[in-house]
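After this come two complexes, each holding chain A, first together with chain B and then together with chain C.
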Partner chain A sequence: MSVGVTNLSVRLGSVLAVDDVTLATPPGQVTAVVGGDGAGKTTLLRAMVGRVAPSAGTIDVPEPRAIGYQPSSSGTWPDLTVDENLDFVGRMYGLSERRLRTRRDTLVERAGLVDARDRLASRLSGGMRTKLGFCMAMVHDPELLVLDEPSTGVDPVSRVELWRLLAESAADGTAVVLATTYMDEAERASFVMVLERGRSLLAGAPDDVVAASPGVVVATGHPQRPAFSWRHADAFREWWPLASPNGDAPVAVDLEDVAIVAALRAQNGVES
Partner chain B sequence: MVVKEFRELRRDRRTVAMIVALPILLLVVFGYAADFGVDTISTAVLGPQAERTQSQLPDMFDVIEVDEAAGLDRAQDLLVRNEADVAVVTGDVPATVLVDGSALFSAQAAVSALNRLGGDVDVEVLFNPDLETSWVMVPAIIGLILAFIGTVVTSIGLVKERERGTLEQLAVMPIRPSTVILGKITPYFVLASVDMALVTVLGMLLFDVPFNGSPVTFALGAALFLFVVLGLGVFISTVSSTVGQSIQTAFFFLLPQILLSGMIFPLEAIPWGVRWISYLLPLTYFTQISQGVMLRGAPLDSLWLPFLVLSAMAVVVFVGAVLRFRRSLTPGAARTHRRVAS
Partner chain C sequence: MNAPLLAVNGLVKRFGATTAADDVTFVVEPGEVVGLLGANGAGKTTVIRMLLGLLRPDAGDARILGEAPSLRSRRALGYVPQDLGLYTELTVAENVHFTAQAYGCEPAALSGALGEVADRLVGRLPLGLQRRVAFVCALQHSPRALVLDEPTSGVDPLARARLWNTVREQADSGVGVLVTTHYIQEARQCDRLLLMSDGRVVGRGREQDIVGDTTAVVVHTPQWESAFRALDQRDVPVTVAGRDVRVIGVSADAVTTMLDEAGITADVVDVPATIGERMTVLARQPARSR
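For the complex of A and B:
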């Protein structure tokens, strides 16, 4: 049985926050769940770690001891030092003192926190705190690592470092699933799922998702269909199901364009 | 700006409740309850001339027991057990009147009335001979400190975990919810106990407050009271999302205890229309225990009622609050639809 969710729905009050979503998160792979605010990313991840109750579907995850989780906050205790945060989490996961010491030293070194290990988490920069949160989620060497928007509000350099840590964890065989609002990050994942209002709009390897996007996208200064156009740099981009009637040449699209097209098509009731 | 402020206020139910409820509470308390004067004093009349003497007492002495066969020992016992505030022992001339100094305002009223009788009686104030206010206040303040730590500090500690998102961390860890709750509450229980011991010793050293009773009885009462106030703190944390909200809510629980528990105004002086609230407050019962043990040396069996009420409150409030907190850690059906992937 592989790790992931099958036909998962989660209802929060009167809102269907996750609607019939299926997502596999295999070991050794980074899976990115992308979407805007309220798309259902956090709810999907919280359902995976057992924080919200599903209304339908199945969740296949390792036992709680083998799951690492970083909530949308860094999840660090501000009045504990870097080492104390890691020690606390490690002990809660039942690590022996020897194993804990080894894991703590390895992670602190990998995350570049060696010089800050006696510093209170509240005194760390945002990027350092996020990396500490990541180390805390990884300290017990989980099979499944669930990260809720780990890079939001983090400076570009720290984001690069965070992704290096993520890639190393996946290379070690951990199944990594993260929520993000950054498309450039999603493009670095092995598998991406675009969520919109709880529904999966796109899913697959980033290149496959881009290649499979229907229709054409053109660059224009005067879009004819506002419902299917969006601003891009100092001009607009516009989606057409077949070809632009003005004969505009299609432009090369990236994952962000494809995600926007999928969202606009869903909003405007275009099925295919 | 003004319109925006009103809109925000309208949606901030706690602040609206504070604006509406607080003036009403203060009006009721200071209008009806804020009375240091005691109109009736429960009195026992004992000794050979008990029957004759009781009719000669001023009206404010409410005679609850007349026993011609009883003497000084019974009189002291009645006062220790808080069954009477004044005991008149006849037989000798002049008659001896024992007054319970731990019931400060009743004692002051009694002494004043008895002094007006001239030299017909020999007045002896027990447990607080100089009628020191500090002797009565210190045992009550101990309760207030426990209530403050249990209610305010505990709720802040728990809400901070939620605000930072670390409660989320704790909830997904492979530890039982009871372990999380116990781990969060134990330090506050210990700190409150240390604070209680410190204030008790300081009160004894600085104000010469006596400790006449059993420390074990006192500790038992304090532990029960702590469970109640810790339960209130846990409950407040479950209905608050921010530290500000928890402080605001805790204020609603603390203020009535300060004003209506008998700590400041004597319960006997509060009209029944308001006094019933006093009997819902845990501090009312802890004050009875702490004053009884420290000042009168009251034995456990004479304090059965406050112990019984605090025990019931501890079970209901603490267990209820912990179950509620536990539900926030493990949402109802979160473990359903889950399979352990191999």
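For the complex of A and C:
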């Protein structure tokens, strides 16, 4: 079946938190939803897992038992040990004791948590707690795995380990969707959607999104258009719709630059 | 000769059997932005706490404008902690006034978006605005040096760019900045970087100096899933990047051999590692004996 949302809108009180978003999240693929605080990432993810009702549009996801969800708070119970957290979630999903033991052992091993099995979740480092949250979302072997900012505040080493776990799930055919504020992380996904104020600002394979960015970005010491320039190390970057009139050579841009350009253009209501 | 803005010299701090900081030496000069990188537990926070005078070193010293950290020397310093250090039950204006009183300076004027939310409780604001309030509080006493702990965690690229506009303007006016980050885009905003691992400074310079000769291997194949599984089973650090598989700290030849043994044909290329991958390689080395 196709997995994803089509023309989805979600209204929370007076705020249109998700505004006409269409996003396919196919099995075997990691899809990243990027945006800052208040962009609508969490609401989009919560709509996908059935925790908030859509006001318009359709949501195509597997049945609830086949969905795994890690909230941004990691979803672990601080007063339970690693094993107890996994057992609790596993029993909630009705796993047989034998199946639960196998899944628990596999996941704890994969996540490098073997030596911490008897440790309370409150005593884990941020990176370890995130990995436990991931294991809890995966314990019933879901077809769709939805992770809300699993790597915020997690150090680069733990992030590499987390991506190994994500990739293992995707390689096994799981549809993986994650929200992140890190662009270098989004660049690792097969498909990325940048949200701003509930709307899709950019969407596509990361390389395609970068290639499709209009205009040029130049490095300059003396920007001429404050509305379209920003600091980058000891110089500025500046966006021009065609070419720089000063003949400044374009620089190679990454997803971060492209997202800044898209946000500046949207804010200034521009094609200029 | 003028003393450097911030200087740590041979700093050592032990917690029980752990040496959290081990002979750490660096300076931050006026007008430069220095990035302090490292995995959790590498010693970044310990060093910053000693620089702020919150922790006493076992050896070596920390200096702010040549003086030991004290209430007096701390006045030359603006600090934005990772959790922002704001009073969430006070309004934006109240936070600004309170900090101004603590430093004995005039409260900063709130303009633009911050002016519009001056009477709102800080705890009710989006994170991007809260971060801007924290910057105002840290800057209003015109410090000579700034210490920023993960300054743009959780905000979108444009908000991050705007916060960095502020940081770079401060540096232009002669303020020296020390910033910790886990974030590559932020590291690239710095004039130079320090990489800490296991309590020591193990790399200095620009991004390419920090990465050094560490390489990653990119595996391009129509069936990334099989290549990923084959390498994952060999217990090498492996992740994905789009539809490619990425392996860290193993040579391209070794990866090709592992794939051959699994009957998988693929394009295998050495590429420079990222800073995060360099840290992963460091973290996988056995802890050094003391």
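Points worth noting:
Please note the rule applied: the second predicted complex is superposed on the first by the 269 of 272 C-alpha atoms of A that agree within 3 Å, B and C clash if a C-alpha of one lies under 4 Å from a C-alpha of the other, contacts with A are read in each partner's own complex, and residues count from 1 in each chain.
The definition used in the following text is that contacts are C-beta pairs under 8 Å (C-beta built on N, C-alpha and C of every residue); 3 or more make two chains touch, one makes a residue touch a chain.
Keep in mind it's a predicted model, so treat the numbers as computed, not measured.
In the superposition on chain A, contact is made by A:234 with chain C only, not with chain B.
Of the two partner chains, chain C is the only one that A:207 touches; chain B does not reach it. In the overlay built on the shared chain, the residue A:190 is in contact with chain C alone; chain B does not reach it. In the superposed pair of complexes, A:35 makes contact with chain C only, with no contact to chain B. Applying the stated contact rule after C-alpha superposition, one finds that A:152 touches chain C and leaves chain B untouched. When the two structures are aligned on the shared chain, A:62 is found in touch with chain B, with no touch to chain C.
By the touch criterion stated above, A:164 is placed in contact with chain C alone, chain B being left untouched.
One of chain B and chain C touches more residues of chain A, and that partner is C.
Once the two complexes are overlaid on chain A, none of the chain A residues touched by chain B in the first is touched by chain C in the second. Chain A contributes residues 1-3, 8, 47, 49-54, 56-65, 67, 69, 71-78, 89, 92-94, 136 to its touches with chain B in the complex. Of all residues in chain B, those touching chain A in their complex are 164-166, 168-175, 330-342. Those residues of chain A lying in contact with chain C across their complex are 28, 30, 34-39, 125-127, 152-160, 163-164, 166-168, 170-171, 181-184, 187-190, 196, 205-207, 230-234, 254, 256, 259-260, 263-264, 267.
The residues of chain C lying in touch with chain A in their complex are 33, 39-41, 126-128, 150, 153-162, 164-165, 167-169, 182-185, 188-191, 224-225, 228-229, 232, 237-243, 245, 248, 274-277, 279-280, 283.
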